[in-house]
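Chain lettering (A, B, C and D) follows the sequence in which the chains are written, and residue indices restart at 1 in each chain.
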Amino acid sequence: MVEQTQEYKPSIQPSEEGRVLPSGEREFFFDVSTSDLEVNMGPQHPATHGVMRVLLRTDGELVTGAQPHLGYLHRGAEKIGENVEWLQYLPYTDRYDYLAAMNNNLGYSLAVEALMPGLEIPRRATLIRTICAELNRIASHLIAFGTYGLDIGAFTPFFYAFREREWIQALFEKICGARLTYSYIRIGGVFNEAPPGWLKEVEHFCDVFEEKWKEYYDLLALNHIFVMRTKDIGVITPEMAYDFGLTGPMLRGSGIDFDLRRDMPYMDYTEIWEAGAYQIPLGSGEKGTLGDCWDRFDVRVKEMIESIKIVRYCLGVIEPGPVLGDVPKVIKVPPGEAYVGIENPRGELGHYSHSDGGKVAVRCRVRGPSFVNLAVLEDLMPGTLLADSVAIIGSTDIVVGETDR
Amino acid sequence: MDFKAIYDHLRAVDAPGLIEADEPRLPDKETKDKGRSGMPFVRIEPASFVDFLLVCRDDPKLTFELLVDLTASDPAADDENLWVLVQLLSVKHKHRLAVKAYLPKSSASIPSATAVYRAAQWHERECGEMYGITFVGHPDPRNILLPDDWVGYPMRKDYEFPKEYHGVSCE
Amino acid sequence: MVSTKEYFQNVWDALKTTAIGMRITGKYLMQKPITVQYPDERLPIPDRYRGIHYLEQEKCINCLACARACPIDCIEMDAIRHGKELEWVAFTLDYQKCMFCELCVYPCPKDCIHMGTEFALVTYDRSELNHDLLSFQGMGRGARIRMREAQAKKAAKEKAKAAAAAKKADTEKDADEPEAAGAGTGGDE
Amino acid sequence: MTPPLALTALPQEQVATTPNPGGNALLDLVNKIGPPEWIPDWIVALHAVGAGVGILIGIVSLIAMYSVWMERKVSGHMQCRLGPMYAGGWHGWAQTIADGVKLLMKEDMIPTGADRVLFIIAPGIVLASIFGALVAFPISYDFYFARMDLGIFMILALGSTTTIGVIMAGWASNSKWSLYGAMREAAQVIAYEIPLGLALMAPLITLGTFSLLDASALQSDWFGMKWAIFTNPANLPAFVIFWIAALAETKRAPFDLPEAESELVAGFLTEYSGIRWSFFFMEEYAAMFLMSVIAAMFWFGGFESPATWALRSAGVEGGIFFGAVCFVTLVIKAFAGVFLMMWLRWTLPRVRIDQVMTMGYKYLTPLALLCVLIAAVSEAVKSLLF
């Protein structure tokens, strides 16, 4: 963090003819005067990743203050949750973090299932859920990778990232019929069985992706200009990360070894971890300071390859079987409250469901990781250059659908 | 630590404002109790909210470094209380704790947790605009998601949807 | 200040990583693109695609299960019952609201509402998006064009088939009994 | 004392291959046709100049148009896409023409609060300066707009005048983003003029001339491959430095800071639309072409290639066919340069403004000076040895 203690001393000295103001001060006339410039970055700006507005105070190229303004995409999703049935709320969860809709479905389903103690989730359903969630994590990180390149000014990686993302979307299209808002993982399992040959295609994707991933890393992450642009920028110290409640890659980028999949396991992630299928990439401060933008970016890029490993493990152990537990057509949830946090691509996605035993939720809270991660912006921005502010916003990897809900 | 151990430890260190633990229970037909599923809670006194969080954060056996979530809930339109719910998470010990405080709807106010966890800042702004809860000592108590001139607290159960907003019909 | 070593290291790194990047982009310059020219070529649409609905009207029993399952209440249906027969008044789906979640498909007891593969919903007027599922008029321009194309194709196929059959019949007739043809014509006379 | 360096030692027989030193080929052509006696000379001259301007505008428009099309195709294929495919039929060759027509038809918008006069004349200044610089661009040995002994000086001087237009555009737009773009442009161009000029010194020392035509003629040996980049060890690093500086001068990625779209929306172009915007666009591509021509002329043999050498040894020299071969050689070389610029653009991320300054002042300028030194020393050694 750079301390902002600059004061301006105009090069032209004030003239003697000044008048005395009512406050007793003397007013001088300057030929040249400087002042901070207030710039609205957004609501429509290429670097804000949606309709978010950041009010910047700049001193030339130097940013001296930043204030995020949210709410341009506020749709009252939590209120909707109190007015529709449990299953009917599922499509709305797609629309928080629209880049990782499978994970949102999963989080919501797990939160509702936590209130239904008798419900058994078939093993095949769990594995398909894991595969879908991890594939969607890759798809989401690909966007993070591509758009971060775009923020820094490299266009081509964005298209390479989209090429693979399109493939994942085509896979999802085959399994559930939608490309973005899947509504596939539902309470009690998944909506329908994977079509024949789908798992083979996923395996093929894994093979190809591992090759392409190396190219991504060479093309963008190790590029000298990219490294120079992102190292030592937006440093989040571990203390700061704790204080702001950061989760996910933002937390791991600061070198804190914490992943909900391993440390507070849900579904079958314990089994996968114990089988040694994946590691948890951490920010290392390899290129600059620990917890800078490069570290966060690096964690995201490396997580993609770890997700591939998880998918491969699941493909190895999956067996035929039912994919939906014993769920009635109109779901009635026993009274109770549950909070379930899962590892979304952006951090901990928490769903707090409160049921009074009826068909409709009493409270349907979503703890969006982007919302929390964005708060750190106010502290990171001052003292950086204008171009760095873009790099910092990009490295938080927010989805405005989730910050505003 | 599991919830039982955390609760016992909180009792042992005499955490300020701790009232009771609310654990899930099976339904009981005789007392017409519908039971409660889900997760256990700790209920605290709203007045000593900040002190309680400080204990949770700084006690070496608890070390809840992260305030994951702070939200409110309006259980029913005829209920006289609002709930404030806090989810704490310890990275070191890998455990969670859910904290709940009851606030009367007539005067919903609670000390702000911003001094303990800065993560609470935006969550509190959201609770403030959605439920009309006053967080005493919050450094920046503006609306965050709603426009500054919004009337009413939309997430309350007795909220009535406006007929129009700035000349735009909402029917 | 940077040290001398760092100075030249920077120069070297910049040149090297630029060369690596250029190798990758240059490689793709030589490769075949992966995109398709959309209106001319189309990617195959999977069977489960969630496009515009279609309704098997004769199966429907007006039970309202789909309308009730809809999270946004975009399905409206009404029918008058004459004994076992249903006289349909309306079955509309408002695509201004619909979010293609497929929740209306599962509860159907008669399995009569489906998600189609048509996705082109562009219209000149919002009111056109309130589709009447009872007729094809509501299916959108692209759907109508493709429907017409499909019908034309089918008709052409049938015509060809009929022609082939006729020809085959003719040749068979010719081959089997050439006199019979003459007899036939004679009969006509 | 050593004898005078190669700076003054122009091989006379090679200079003689460029006829009519100091004249204007167009004027000669008009004179050859022989207008009636009663038409005053100045009218003839005016017509010649008019024809020259017409040819120049035609060339610039064609270059800009096809550079844009090429950029879109190159970027498309690098990104596994196709780029424009419809307009015109074959690979969308008419796409830029269609875009140009669209831009002409667009509403002419001037933002409220803009300085109208500056806003309107800024694109003109930008375009005029690049046209001015292109006057020194020779089409072949016999056909050029102006033969100047200090041609490269004029190109550099007029080429950097575009900055004034850009700053005017940024200031006049009454937009904060535009102002940022203009200020960045000012800082950047000033920083990169120095290494650009210094890097050019190396081949200038090698060749010993400031004139584009002479530079080309001097590289005609060795089967048309006596290119300056091979004849002096300092010229390759000098070319790299020149190229980086040229990217910065022409506002191309990774130095497209004045219009950095992810930071400044579109920089100084934010408020421009329609035909005015396309003027800036044309300037960018014409400048790219011009920089590539300079590189081709002073490093890569100019008009010279084995083809011209073969023609010359077969006795075909001068005349339309030889001129055409010269022109095609140069255009191929220049478009190779343009392609290299595009390749770099679609590979690299954008540099930050302080890094741009650091790179210009701390890396390129000293290294360029070193190149000049090496070039001079090696030329001296050469003139001693041979």
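Just so it is clear, a residue touches a chain if its C-beta (ideal position, glycine included) is under 8 Å from a C-beta of that chain, and two chains touch if they have at least 3 such contacts.
Quantities reported herein were computed from a predicted structural model and do not represent experimental measurements.
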>> Spelling it out: a chain qualifies if it touches subunit B and also touches subunit C; which chains qualify?
In response: A
> Where the centres are mean C-alpha positions, what is the separation of subunit C from subunit D, in Å?
Replying inline: 52
>> Quick check: how many Å separate the C-alpha centres of subunit A and subunit B?
In response: 24
> What is the distance, in whole Å, between the centres of subunit B and subunit D, each centre taken as the mean of its C-alpha atoms?
Replying inline: 66
>> Averaging over Cα atoms per chain, report the distance between subunit A and subunit D in Å.
In response: 45
> What parts of subunit B, by residue number, touch at least two of the other chains?
Replying inline: none
> Of all residues in subunit C, which are in touch with two or more distinct other chains?
Replying inline: 10, 18, 21, 24-25, 28, 34
> Considering subunit D alone, which of its residues make contact with at least two other chains?
Replying inline: 78-81, 346-348
>> Once the touch criterion is applied, which pairs of chains come out as touching?
In response: A-B, A-C, A-D, C-D
> Which part of subunit B faces subunit A closely enough to touch in the complex?
Replying inline: 24, 27, 34-39, 41, 65-69, 71, 73-76, 85, 87, 89, 91, 94, 96, 98, 117-123, 143-147, 154-155, 157
>> Help me check something: in the complex, which residues belonging to subunit D touch subunit C?
In response: 74, 76-82, 85, 240, 343-344, 346-348, 363, 367
> What part of subunit A is in contact with subunit B in the complex they form?
Replying inline: 70-71, 74, 76, 78-79, 82, 114-117, 242-247, 251, 256, 258, 263-264, 334-339, 341, 348, 350, 352-354, 356-357, 362-363, 365, 367, 371-372, 374-375, 404-405
>> For the complex, give me every residue of subunit D touching subunit A.
In response: 75, 78-81, 176-177, 180, 183-184, 253-254, 256-257, 260-265, 346-355
> Across the complex, what residues on subunit C touch subunit D?
Replying inline: 7, 10-11, 15, 18, 21-22, 24-26, 28-29, 31, 33-35, 37
